[in-house]
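Order of writing sets the labels: A, B, C and D. Residues in every chain begin at 1.
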Amino acid sequence: MTSSAFDGERTRDWAGRFAESVYATEAELTALDQQAGDGDFGANLAAGVRAAGPLLDRVEASAGPAEYLGALATAFLDEVGGTSGPLFGLLFQAMGRAAGPGPELTTQALREGTAEGLAAIRRVGDASPGDKTLVDALAPAADALGAAGEAPPADALAAAAEEAWRGVRETASQAARMGRASYLGERATGVPDPGAVGIALFFSSAVGTVRSLAPRLGGD
Amino acid sequence: MTSSAFDGERTRDWAGRFAESVYATEAELTALDQQAGDGDFGANLAAGVRAAGPLLDRVEASAGPAEYLGALATAFLDEVGGTSGPLFGLLFQAMGRAAGPGPELTTQALREGTAEGLAAIRRVGDASPGDKTLVDALAPAADALGAAGEAPPADALAAAAEEAWRGVRETASQAARMGRASYLGERATGVPDPGAVGIALFFSSAVGTVRSLAPRLGGD
Amino acid sequence: MARYFENGAGQLVADALSGFARAHADLVRYDAADGFVTARHTAPARRVGLLSGGGSGHEPLHAGYVGTGMLDGACPGRVFASPHNRQIFRASRAVARPGGVLHIVKNYTGDRINFGIAAERLADAGIACARVLVDDDLATDSEDIAAGRRGTGATVLLEKVLGAAADTGMGLDGLVELGTGLAGRCRTLAVASAAHHAPATGEPAFVLPPGELEYGVGIHGERAARTREQATVGELVEEMTDALLKALRPGSQDSVVALVNGLGSVTSLELYGVFGELGRVLDARGVRLARHLVGDYVTALDMRGFSLTLMAADRATLDFYDAPVHTPALRW
Amino acid sequence: MARYFENGAGQLVADALSGFARAHADLVRYDAADGFVTARHTAPARRVGLLSGGGSGHEPLHAGYVGTGMLDGACPGRVFASPHNRQIFRASRAVARPGGVLHIVKNYTGDRINFGIAAERLADAGIACARVLVDDDLATDSEDIAAGRRGTGATVLLEKVLGAAADTGMGLDGLVELGTGLAGRCRTLAVASAAHHAPATGEPAFVLPPGELEYGVGIHGERAARTREQATVGELVEEMTDALLKALRPGSQDSVVALVNGLGSVTSLELYGVFGELGRVLDARGVRLARHLVGDYVTALDMRGFSLTLMAADRATLDFYDAPVHTPALRW
């Protein structure tokens, strides 16, 4: 049972664990994108958290969650090219906006921010659930937050992470209909979508560091 | 001892034997040019005698040597590209011109025609003796004809052929200074020059058909 | 790596752009900090700035088409990677005119997303912005591809026509309508007999068995959905042209503009051979070939192949096409 | 063969020329029977016809430079083979003007011989004919090569300058003097990281170990006299440029015209990178870069490499260089 207050410091730790999780699994992410895309997803995501590092360090100690989420957003929106970088940036931006100026992140703010982030990503990227993209991890995460009611934020995030991983595992059986993999027809089937994994890593990092993907991609 | 009259019919037979000699040794010529050039000499020379065939057939039975040599010249000048084709054409043209309108080819006419052909080839191609080109077979042949005095034409041609082959064998030890082989430096040394072989084949064919190069390239 | 002449991994694009900027300093300006190229001279009547961009490795696309009568600016990304939304945002601000800025975007997820995010930022900044999407690749015309057809060779033709239209003072809405309509009347097919070599390794992106062609190949080294046996260029071009005509169905008032485009290392001899065959097929089908380009216009690094683009064009389109143009890669 | 898009062995050049003729029918005429290309429009003041030619596989050389302000005609041979003397003779007759015909000949034995024989036939026919020999290849500048330096990239620059000079009504002697002088002030060096592929087999003409460059390579697939290790493009261009400058020693009144030329399948990204480095080296050496061209101008089928040509140019040469030109491959 985690303490119910999710303040600036805890948000900073969340961002720090996200970076650790990305670095730890970068090679596995690369391997996934080599099978289903062009192999640069691990590098792209790592570039994002690397760019976020100094921005997070510069946030004042007294700051609230919005400023840490904003630092992530700026890094991913402004420093990472490719497809996934700016999409992650849109999610962080929406979550930061929903967090507002207050000292704590509420379950309500998480719910709103994730929903708005999902909407922005779908507006810009035009993917529907089932198209085998990061939407297939983010949509279930948003649903879990929607169903979390008045649960403490950390519990709500743990539930969102669970659902995101379930979504990731489902992408393995989907045929890609968006992005590069779609031009190859059947060839990408069987491989989970790397972008979706990235989303699950983010929510998981709210409660702990992920050091290996294998156990989470494995069973059902 | 051959009959001393070298008339139109004998000139036609000479051209016919030259064609036979070229066809018989085409593969050997190709192999030589593969080592010292770009491998197309056999094909180029064969294209010349092939083009000459119908032109020679069309010469009237009563015609003199000049018309047969002229047919060879036209075929090589007008139908064969590359380096060697037109050079052979220049030789045949000069020999035809020197033969004049008379019914017989004299040693004097052979001497003049070969000398003029050599001069035209050197004017156009700018090669000196020792540069490892067909000049190294043609110049000794011209010298032999120059020294033939009043010998019958067939004997003079036999001597020219002997000297041409000697020249051919000397090219093997020369380093190429003209043509493509020169850009490669030492790599072409040891191989006799294919164009020089072609010249020797021509003079040899005045007295017989050459069915294989090997015995003539061998010793000294 | 051994194969590529460069100063080190990742330097290829940056060094090329600075060389390009010096080579064409009379025509373009290069903002190295923000990574975009703008035209030095544009028609005073132009009310809307035209911006394009996309991954590098497709040269002369796009920077080669910046100049009088065509693009106001271009954002080159890394090799085969979408430009960054910030790059696009800043370039858009630089080329925007009173009537706003038009994005000419090839239909790839990365490009759509980054141009899309830039557009949201431009809206925030009060700059009018609209998009023409280029999606001419017939090989990706399938129910199963929700991403839609890829954008490829038609980009050059659209940029040329839209440039001339913008020079008449046409507004954003007019340009979007013109460009979108025209994009629907363009189709492209590409084949390759050998892959490009990856700059990082110098190795081919994929290996084809001898005698096979990748049929319907893209311009990012992604393989086609199918291969086919090598055929004579006559047979191949006939098959491709008929497929394009079937998809386009040019109207009786239309003629076609053809782009015979080398993908990188196909020889000029082959491209003119392709053009000759194309001309013969169009003649036989009674389709009038009004204009044509033959050369390397939209490449995929050093891929060995070619693409055929046909655009069904009416008189007005041809007039725009014929208007003078002066850019590093296109001039008349 | 699988690699080349063609209709059959030996069809490549003929098919390309007929496609080329159709593609550029506004600028050139193609005599298919005799195998040469002539310009449709030439300056009325021109008193001497300019003819060039050589093996095919070097496109756009030479037919791409036929047109207003440049060549009156070109004779393409088979791939990498000299044109036939009859072809040259007939083309010369077709383009000769009252002042005669000038042959611009690259220094290769086959070309010299066939242009030479054609010249003897022209003299017979009473047509004045003279020759400018192009021999700019520094790699073959050696006592041991009696054949002399090969002719390569400088051909384009000479054809441009001589075309402009001919348009002023300059006579045969003046053109020979101008061209021969200029040829002496041009030098070229070429490097390759991969050979061209032979059309007949689709196989590379030679195989280089990874990480090695053929240094001083020719344009017919003949290997260079030496190889060297791959270096950064900066190091490589510096070494090449210094060698060229040492051979040229441009005078204090001179500036240089540079041609950065792709040999076939090098990318445009790399060529502009090379140009950037060249500019830096010339700046550092205090040599003024007056004009430049960057692109594929003299190729060797799909060889992966580039050549650098420098021409030391005075004011008068630059004026000729700047004069308008309109050909399939060069236009300003």
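Convention: a residue touches a chain if its C-beta (ideal position, glycine included) is under 8 Å from a C-beta of that chain, and two chains touch if they have at least 3 such contacts.
Note that the coordinates shown come from a computational prediction; the quantities given were computed from them, not determined experimentally.
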Request  = Compute the shortest path length in steps from chain B to chain D over the network of touching chains.
outcome  = 1
Note = Shared touch partners for chain A + chain C come out as none
Query = Any idea how many Å lie between the Cα centroids of chain A and chain B?
reply = 82
Inquiry  = Nearest whole angstrom, what separates the Cα centre of chain C from the Cα centre of chain D?
reply    = 30
Query = When the C-alpha atoms of chain B and chain C are each averaged to a single point, how far apart are the two points in Å?
reply = 58
Inquiry  = Once the touch criterion is applied, which pairs of chains come out as touching?
reply    = A-C, B-D, C-D
Touch list for chain C against partner chain A, complex = 77-78, 80-86, 108-110, 112-114, 116-117, 120, 140, 144-147, 150, 218, 220, 222-223, 225
Contacting residues of chain B [partner chain D, same complex] = 38, 40, 77-78, 80-83, 86-87, 89-90, 120, 123-128, 131, 175, 177-180, 182-185
Remark   = Contacts from chain D onto chain C in the complex sit at residues 2-8, 11-13, 15-20, 22-23, 56-57, 59-60, 64, 79, 193-194, 202, 210-212, 230, 232-234, 236, 264-277, 279, 292, 294, 296, 299, 301-302, 304, 306, 331-332
